[in-house]
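The chains carry the letters A, B and C, assigned in the order they are written, with residues numbered from 1 in each.
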Amino acid sequence: MGITNKTLTAQSKGDAPTARPPSKKTAVVNWLPLLPFFLFAALFLFLPSISIFVRSFESVDGGFTFDNIIALFTVQDFVNAYKTSLTISVITALGGAVFGFLLAYAVILGGLPKGLRTFMTTFSGVASNFAGVPLAFAFIATMGNAGLVTRWLESAFEIDIHAGGFTIYSITGLSIVYMYFQFPLMVLIMAPALDGLHREWNEACANLGGTNWHYWRYIAFPILLPSLLGTTILLFGNAFGAYATAYAFSGSFINLVPILIGAQMQGDVLFNPGLGNALALGMVFIMGISMIGYITLQRRAARWLR
Amino acid sequence: MKSKNIWAWIILIIGLVYFFLPLLATFEFSLKMIKDRYTFEAYRVAFTDRQFYLNFGYSFLWAMLTIVISLLLVVPTAYWVHWRMPKMRPWVEFVTLMPFVVPAVVLVFGMSRLYGGGLKLFGTPILVLTGTPILLIAGYVVLSLPYMFRAVDTGLRAIDVRTLTESALSLGAGWRVIITQIIFPNLRTAILSGVFLTFAIVMGEFTFASLLYWPAFGPYMEEIGAMRAYTPQALAVVSFLLTWGSIGLMQWIGRGSVQEVTAAH
Amino acid sequence: MPQLLQVRQQYLKNTPQDWEDLLKPEYKGKVAMAGDVLKSNQSVMTVFASGLSRSGGDKTKAAEMGLQFWKEMNDAGNFIPVIADQGKIAQGETPIVLEWDYLALANRDGLAGNPELEIVVPKTGVLAGPYAGGISAYAPHPYAARLWWEFVMSDEGQLIYLKGYAHPIRFNDMAARGVIPADLAAKLPPAESYANAVFLTVDELQASSAYITENWRKVVYGE
C-alpha cells in the first residue's frame, strides 16, 4: 500500500484533466450520490434561511409590513450597529490575516523546530473555537480593571494602562479579544496553502539569481494572494457573526448587529422577531457579498495548489 | 537563513505570549477558591457536580453522532464531486460556506419554527422535530460542514483521486475495496482533522443547545459561569486542555501518512 | 425585591450608601450592572431606581432622570459596561454591582467570604420588582394548578421564598404576625430599608421599560 500511494501521488498531483476528454454523462446516476447532501442542505440550511427572509416582513402582531426593512436604514441605532460591526470585522480580519499569516509562516517556513508546527496547528484547532464566556473572562482577568497584567504593570513598572482613558470595554478591546480566534483560523487555513509552495520554486528563483525578496514579490505572494484574500474574507465573516463573545464581554453596551438580533429574539425586554429577522437579513446580505468574493478568489487559488 | 530564524522566533514568542496570558490569568484565578491560598479546590468542586458529567456525557454522545453523520454526508459527496462531477464543486462549497453567512441564532429560530409544527401539508403539521434531538444534531452538522468539507477537500486535492480510482477499477477492484482500502487510508489525516474540529465545535457549542433546550455542555458552562465563581474558570481550563489533548492525540495517530510526506520541506 | 448594592470590601475604602454616592470619583471604573439594559428587566429597573432616587420618588420623571444619572456615570468613567456575575465580582473586576437583593444575597452566600461582600440597600430610590405568576387557560389540570398557587401563597410557601432571600408578597403581614423565624430574619437586610419600597403598576412598568430601552444608547452614549 505504501509504495503504491507514494508513486501515484508523486507522479500526478491533483486532479488535473487527463489526456482523454472527461465523460459527458449527465445521467441521473451521476446526481444520485449528491442527493443526501443537498437534501440535508435544503432541509436544514436553505428552508430555515428562507424563513428568515419571509419573517422579516412580519410585524409584531403577525401582519405584513415593510417597516422592519425600512428601519434598517432609518433607525440610527441600527445604522450604527452595522457600522460598528463592519468596523470591528474589518479590523480583526486584516489584523488577524496579517499576524496569522506571519505566525503560520514562522512555524512552517521559518526554520523553527518541526514540533512547533504541530504545537501551533493543534493549538489553533482549539483556540479557533475558544469563544464566549470563557474567552471574555480570560481577557477581563488579564487586562481588565483588576486584571493580572494590569496589576503587574502597576506594581512592577507603575504603568497604569487605564490612565490615558484606555478601557478594554471598547471597540479596540473587543478587537483584541476577537483576535484570539482570528489568528488561529488564519493559521489553520493558510497552513495547507503554505505547504503548497513548492521548494523547487524557491530554488529555481535562487538559481536564476533572485533574492528572497524577488521570490516573495514575484512568485510566492502572487500565488498566495487569492488564498490570503479569501481567508481574510472568511475572517471578516467570522467576526461579523460573532455573538457569544461580544455578549459575554460587553452585553449590548457595544452596539453590534448580532447583539441587536439577540435582544429582539430573546430576553425579557424587547421582542420583535420580525425586526430580528430583518437585521439578520441585512447581515446575510453583507456576508453573501463577501462570500461571493471568497469563492471567486478561491477559484484562482486552486489553480496553483496542485 | 539565520535572520529569517530570528524573525520567526520573535513572531512565535509574541504569538505565544498573546495566547497564553489569558489562559494563565484564568488558571491563576481558578486556583483562588480558598481565600489567600492557591489551591485546586475549584477543580475538586467542579468535578463533584453531577450535572457536569451528565452534560459532558450528552455533548460527547451528540458529538459522536454529529461526526458520523457529517462524515457520511461529506466524504462520499466530496469524493464523488472530485471524481465525477468537478463542476459541482463550487456549488457544494457554496453550501458548506452558508453556515458562515447565516448567523446561528437566527438559523435556530427558523428551524424550530419550521419543524415545530410550522410545515403544514393540507392543514396538518408534518415533520415535527422539536422534542427530538434531531434538530440539534442537524444544527451541529450544519455548523461543522465548512470545516469537515474543507479538510476532506484539501485531502482529496492532495491525492489524485481520478487516477487512483480508475487504476483500481481497471485492476478489478470493487467499490468496497476502493472506498475502504484506497480512499479512506489516503484521507486519514484529512478526515481526522475534520473530525477533531467537529468535536471541538460540538463540545463548545452554545446557541443551538441553549435555544433548543437540550442539556449540552455549552449551556452548562454558561450557566455556571453566570452563577458561580472559580469553578467555571476551572472547567474552562480543563475543557481547553482536554480538547487540545484530543486534537494532539489525533495528530499523533495520523502522522506518517501521505500528506505529511508530501508536505515535508 | 429592591435594587441593592453589593460591594467588595477589599478594593474600597468607603462603602457607598446611596445612588448619588456612586458618582464619586473614588469609584471610578468600579460600578457595574448585573444585566444588559436591552435584554434584562433587572437592569432596566436599575436605571429606573436610580432615577427614582434623583426625582425624590416621582415615578413619572424617574425613567428620564435615571438615564441622566447613568449618562453621568458613564461620562465620569465610574460605569463599567460589563455584565457582572459572581466570577467578575470575585476576580475584582466589578467591585460594586447593582442587583436584585435576592441575587445579591445569594452571591454573598455563594462566595462564602471569598471575597467578603457587603450588601447595601440604598437610602433612597428603593424599587420593588414584582414577579407575577399565572395559570394557563389551556392547562390540562387547572385545579391542580390552583392548589399549587394556594401552597405558594401560604405561610409555608412564602417562607421558602424568603429562604432564597426573595421577599414574598405577604412579607409585611407575616412579619406583623411574627411568623418569620428569627434566624431567617437575621440574614436579611434590616426591614426598615424596605419601608420606602416603591411598587410599579404594569402600565408604569411597560412605559418606563420602553422609554429606557429606546433612549438608553441615545442619552448615555450620545449616539
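Keep this in mind: contacts are C-beta pairs under 8 Å (C-beta built on N, C-alpha and C of every residue); 3 or more make two chains touch, one makes a residue touch a chain.
Because the structure is predicted, anything quoted here is derived from the model rather than measured.
Connectivity note: excluding chain B, the chains that remain are still joined by touching into one piece.
Note: the chain lying farthest from chain B is C, by mean C-alpha position. Taking A-C and A-B together, the chain pair joined by more C-beta contacts is A-B. Averaged C-alpha coordinates put the centre of chain A at 40 Å from the centre of chain C.
Once the centre of each chain is set as its mean CA position, chain A and chain B turn out to be 15 Å apart.
Touching of two or more other chains is recorded for residues 137, 141, 147, 262, 266 of chain A. The multi-chain contact residues of chain C, meaning those touching 2 or more other chains, are 87, 91.
For chain B, the set of residues that touch two or more other chains comprises 29, 225-226, 232-233.
Across the complex, chain B meets chain A through its residues 1, 4-5, 7-9, 11-12, 15, 18-19, 21-26, 28-29, 72-74, 76-77, 80-86, 88, 90, 92-95, 97-107, 109-111, 113-114, 118, 138-139, 141-142, 150, 154, 156-164, 167, 181, 185-186, 193, 196-197, 200-201, 204, 206-207, 211, 218, 221-222, 225-226, 232-233, 236, 240, 243-244, 247-248, 251, 258, 261-263, 265. Those residues of chain C that touch chain A in the complex are listed here as 11, 29-30, 35-41, 44, 77, 80-83, 87-88, 91-93, 95, 209, 213, 217-218, 223. Here chain A touches chain B in the complex through residues 1, 5-6, 8-10, 12-15, 18, 22, 30, 33-34, 36-38, 40-41, 43-45, 47-52, 55, 99, 102-103, 105-107, 109-112, 116, 118, 120-123, 125-127, 129-135, 137-139, 141-142, 147-149, 179-180, 183, 189, 192, 195, 199, 212, 234, 237-238, 241, 243-244, 258, 261-262, 265-266, 273, 276-277, 280, 283-284, 287-288, 291, 294-295, 298-299, 302, 305-306, going by the rule given at the top. On the side of chain C, the complex with chain B involves touching residues 85-87, 89-91, 110-111, 113-115.
Against chain C, the residues of chain B that register as touching in their complex are 29, 32-35, 225-230, 232-233.
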